[in-house]
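Take a look at these structures.
Shared chain: chain A. Partners: chain B in the first complex, chain C in the second.
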Partner chain A sequence: MNAVENYQTLYHQLADQLPGSNIAWVRAMREAALLRLEELGFPTRKQEAWKYTRLQALEKDTYYPAPIRQASISDEEWKKLPLASLDANKLLFVDGHFNRILSDIDSLPPGVLINELSSLFNRKTDRPPPMFQNTRQAPNVVHALNNAFVFDGATINILADVQLVKPIHLQYISTAEDKSASYTHNTIIMGPNSHAHVVESHVVLGEQSYTNNIQTHIQLGAGAQLEHHKLQLEGQAGIHLSVTQVEQDQASHYQNHLFAFGSQLMRNELKLNLNGEQASCLLNGLFLAQGKQHLDMQTQIDHRAPACTSRETYRGIADDNGHGVFDGKVKVHPDAQLSDAKVTSNNLLLSRGAEIDTKPQLEIFADDVKCSHGATIGQLDEDVLFYLRSRGIDEATSRNLMLFAFASQIIQQCPLEPLKKATHELLLKHLPGGDGLQALLK
Partner chain B sequence: MSIGMPNIEELVNREYPAGFVTDIESDTLPPGLNEGVIRAISAKKNEPEFLTEWRLDAYRHWMKMVVPQWAHVKYPAIDFQAISYFSAPKTQKRLEGLDDVDPELLRTYEKLGIPLDEQKILAGVAVDAVFDSVSVATTFKDKLAEMGIIFCSFSEAVQNHTELVKRYLGSVVSKRDNFYAALNAAVFSDGSFVYVPKGVRCPMELSTYFRINAAMTGQFERTLIIAEEGSYVSYLEGCTAPMRDENQLHAAVVELVALDDAQIKYSTVQNWYPGDAEGRGGIYNFVTKRGLCKGRNSKISWTQVETGSAITWKYPSCILKGDNSVGEFYSVALTNNYQQADTGTKMIHVGKDTRSTIISKGISAAQGQNAYRGLVQVHQGAENARNYTQCDSLLIGDRCGAHTFPYIEVRNPTAKVEHEASTSKIGEDQLFYCQQRGLSPEDAVTMIVNGFCKQVFKELPMEFAVEAQKLLGVSLEGSVG
Partner chain C sequence: MSKNSLLQISNLHANVDDQPILQGIDLSINRGEVHAIMGPNASGKSTLAHVLVGRPGFDVTQGEILYQGKDLLVMSPEERARHGLFLAFQYPVEIPGVSNIYLLKAAVNAIRKERGQPELDAMDFLELVNERMAELGISSDLLYRNVNEGFSGGEKKRNEILQMSVLEPQLAILDEIDSGLDIDALRVVANGVNALRSEERAIVIVTHYQRLLDYIKPDFVHVLSSGRIVKSGGPDLAEALEEKGYAWVTQSEDVHAGVSAGVVQ
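Coming up: the complex of A and B.
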């Protein structure tokens, strides 16, 4: 049996247990996704979008949807989790299942509505909600798998003019046993002129192998502002697959700050449609691929209306046998005059077994535009190293300090202070010999 | 509007100046492709057994291949069975000298300004002119022969230098390399062959003019240049083609081999018929060009100015295998009206201390689509590899497109790779300034574009640089206003 058939069999075994199994539209949606999965098959190197990343792990083992478990997390463990002390409206997902008891969304201001997705699956309607209408046309295998097995997620509605001060924290914790998968779908809809911070964090308890497949759909009304942060700290045997689709209306502003330290395989797709005039976005990313990690960052920004601005900076570090991939595409559609786009990809390659592949792309169909991209792959600057060593800092520490500085420039851009601080600490923890730096930086 | 403003309508409607068909008898095979056709081509050219087999193997492999779809170009599917794969001007007897060449042919060359006659030889250009598919005249051979340089048509090389051909043919671009290279390997008709012996510096620029003639005949040129240890050669390639309604297919292969300390400079000015203002006709140009820096300290430099063809699909590449070898790529690609270009380069760093530079300038006007597609690959053993890439695009008109698809793959921690790209249009203020100083908008644009391309033009041999600048001006006509 091939991998696709394995997932089909799995679906048929579980069909009655998945949420919404007795609701016609849900079943139809899932079955359409399965057909799509069959059509697409698992990606091969021949497929342009999958040139550098393969999903062999998902083909080799069939990951089954993680069951609901009563999380037994001690207070001690809680406190140890990154961002545990973040003052936020917290939504906690254990293995992808929303856990109301451990969440904290009681003090939401008026105009902010949060629901769990599974409640939607009980609704009998003729038409599925918009995000599940086109599962037959899912663009890739990650989508299709998600649509077929999706069991939970959050739907966040922020009404017009609401300024949400406290961030919304979507905290994902993986605790399930080996070969389990969490399939979630989040929707964030923001009314005109609203403003919010959303923080996503992904952590693991244990060393199991698992898949975390998340789809996020974001819609920003005119003038809305969303700062979206993501801290990826999956386990060394974890697979993180994420697709985020953002639709932006006139003069809306979207920021995405991504910090990827964990997982054995990560594929992060970020797709933005700048649909309204003067919409703007800022994408920042930092990834650190060590050991045998494979981290793949895919972004696509479509300038569909005039006078939109996009800025994107990704920095990557690959060490040991790590493999980093960056693919950043900007497409300026006809009539999207006065587009202003800039993409930068800077990478450090530190060891012989490591690899960096970067592919910043521009596709431009309008003439009055200002678009540029730059990419570099290199090493730490010997002159800077010499300077530090001449000041009496040993070589290893100097190198670490430079790595820290390189990565820190991305973290500095994060507008959420507590997150910035936490990420700096995490960076120190993940850098080899970062502990030594801590003293130096104080 | 200001005085001296050219009549744009007139400029746009100007016919392609090099569009004419020479009416001479040619020996053409009926359209279609099968093993019989390949054997017939091979037999006509009296080729040795190994080459016939080589062609057939390429053909059999080609049959299994599919037309590549990844390029950023759109065109109706090509019916490969509707093409005639061989067309040679009829030559009854061996030509003794220029006097024996069909005067009709000579007149064609004259119209194109090819320096074939005595006075032109004084200009110091040795020409191996390719009329359709068979070389009809070669000049300066004697002088080159004295130095041991072989410069002849490919067919001649097959007859007289079989061992060299056997050794190097397909060593850089394998006969199975890609769809069009395989097709070329199966049916290639003729081309140029250059061999520069050890330590020889070729005293003049070698030059070939290609010319498509005979309706519905694809051109399948094959060029092979070998530079032995410590030698140097500069090769010029320029093309024009007669006006025609059907789309013509051109699938050439160029292979360069540079041994220890050798240098090859390969310059191209490509001005095939681009189709008319509505996008009818024009040449389909699917070319595979690749150079192998086989020896230490070898250097291969590609310079190209691409202004013609309805479709250009071309990636002159360098495989930097020898330690300390250098690869360069300088390109200007211009697309006007409905032209489409997908061009770029590949720099494959295999050896230690290898360096490469890529400078690509794309200009899109009217509905033109221009894409840069490049690969910089640093292999694990390529210590201290260095690459610098710059690709800039200039947009003229709001219906054109400029695209950049760079691939950077690095597997060595001592490598340094930099890539920069920008896209913008000609600044209103620049135009205003020039016009204010009395330049017409057309001249102003030409001047700005020439400035934009200067970095590349300065790499061209002098004669070519002048021609290229003029060509750019002509190709841009009608794009402003």
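Coming up: the complex of A and C.
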């Protein structure tokens, strides 16, 4: 059997246990996704979008949907998790299943509605909700797998004019046994002129191999503002697959701050449609690929209306045999005059075995626009290194300080102070020689 | 070698990118002295300064340098700094992401560690830095900005002097510290340098123009040309140079060739 057939077989074995198995539209949605999976097959190198990244791990082993964890998580384990103390409205997912007891969404202000997706799967309607209407056309295999097996997620509705001060924290913890997979789907819908921070964090308890497949659909009404942060700290044997689709109305503003330190394999797709005039976005990313990590960042920003602005800066560091990929595409559609777009990718290679492939791209079909892109791949600046050493700081510490500085410039732009602080600490933990810097930077 | 001897350079030859730049420098410097090294462009002034602090790519091919009686050339740049050598750069680099205060603190503590002193605690450190900043007329927000990022030319030079005065080197080398400074900034920088003059330490001023020497009076002036010291003298030599131009000494170089131009004691 080939890999697709393996997943089909798995589905048929589990069909009656997946959420919503007795609801017609849910089953139809899943089966449409399976057909799509068959059509697409797993990607090959010949597909441009998958030139550098393969999903062989998913082909070799058939990851089964993670069961609901029976044991509880101890306080001790709990407190060790990054961002455990973040003051937030928290939705906690253990192996992809919403955990009400460990969540904290009791003090939401009026106008903020949050539900777990699984409750939706009990609803008997004729038509599936909008985000599941097109599963037959799922754009890629990650998406199709998610639609076929999805079992939970968060649906967040923020009504017009609501200013949510406390961030919403979507915390994902992987604890299940080897070869398990969690499939979640989040929806964030923000009404006109509302404002919120959403923090997504992905952490692990244990050293198991697993897949975390997350789909996120975001819709921003006119003038709405969302700061979306993501901290990816999957385990060494974890696979993180994520597709985020953002639709922006007039004068809305979306920020995405991505910090990727974990996982053996990550594929992060971020797609934005700037649909209304004067919509704007800011995408910042930092990835650190060490050991044999493979971290692939795909972004696409479509300027579909006039006078929209997009700013994107990604920084990558690859050490050992780490491999980083950045593919950042901006497409300016014919009517999108006065578009203002800038894509920057800066990368550092720290060893012979390390590799980073970067591809900022502009496709412009309007004539009155201001667009630019730039990419650098290099080593640490020798002049700066010498300057630091000439002040008595040893070579290794100087190098580490420069690395920290390089990465820190992305973190510094994160507007959520507690997250910024936590991310700086995590950076020190993950950077080569970071312990030594900790005392220095106190 | 006298007890006061701090630096002894003998027959120093050095290449940069395989090009011979220094071609037989002899110079000795005692504690308490201020030396000015002057010379036309491309005479090797900056190269000498960088060789002293161990810049990679500046290869010494012949000769030796004794610093505090030890072989300087085997030491790494950081070891030299920890033993009290300091170079104020002509073009200080910008380091986005590293704030001035981190750099200063890391440097101070690296040097203190070498001397067997305990690390300064945050309060004592800030007190020391603030005091020095006030003396140099540097506003305190500069401390929390990234090293040299977005600094004006004058701010960069003052920042070099601030580092120097906090690190309290034994041998301070100032590479064209006057370039790009207006007269007010020049005065501030000169005051900072003069405040550091003491019986214990020596200062080497590398400069193209005599102007700086009106503010920092040197004990000795050396003229470098084509990688050699072609003339040495007292402060009056700088004035003569200002009047007559470098051609006056460099054209008569042949006459002096072969004469070891040591320090006029």
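As a working rule, the second predicted complex is superposed on the first by the 441 of 442 C-alpha atoms of A that agree within 3 Å, B and C clash if a C-alpha of one lies under 4 Å from a C-alpha of the other, contacts with A are read in each partner's own complex, and residues count from 1 in each chain.
FYI, a residue touches a chain if its C-beta (ideal position, glycine included) is under 8 Å from a C-beta of that chain, and two chains touch if they have at least 3 such contacts.
These numbers come from a predicted model, not from an experiment.
When the two structures are aligned on the shared chain, A:E363 is found in touch with chain B, with no touch to chain C. Contact with chain B, but none with chain C, is seen for A:E355 once the two complexes are overlaid on the shared chain.
Residue contacts after overlaying the shared chain place A:Q409 against chain C, while chain B stays out of touching range.
When the two complexes are overlaid on their common chain A, residue A:R391 makes contact with chain C while staying clear of chain B. Legend: residue contacts after superposition of the two complexes on their common chain; A:E382 is shown touching chain C, with no touch to chain B. Once the two complexes are overlaid on the shared chain, A:H373 sits against chain B while remaining clear of chain C.
Look at A:E48: by the touch rule set out above, it reaches chain B but stays clear of chain C. In the superposition on chain A, A:E76 contacts neither chain B nor chain C.
The wider contact with chain A, measured as residues touched, comes from B rather than the other of chain B and chain C. In the superposition on chain A, A:P334 makes contact with chain B only, not with chain C.
Residues 70, 72, 380, 393, 395-425 of chain B touch chain A in their complex.
Residues of chain A touching chain C in their complex: 381-384, 386-395, 397-398, 401-402, 404-409, 412, 440-442. Across the interface of their complex, chain A is touched by residues 53-56, 76-78, 80-82, 86-87, 89, 92-93, 95-98, 102-103, 105-107, 109-111, 114, 122, 146, 163, 167 of chain C.
Only residues 48, 334-335, 337, 347, 349-352, 354-379 of chain A touch chain B when the two sit together in their complex.
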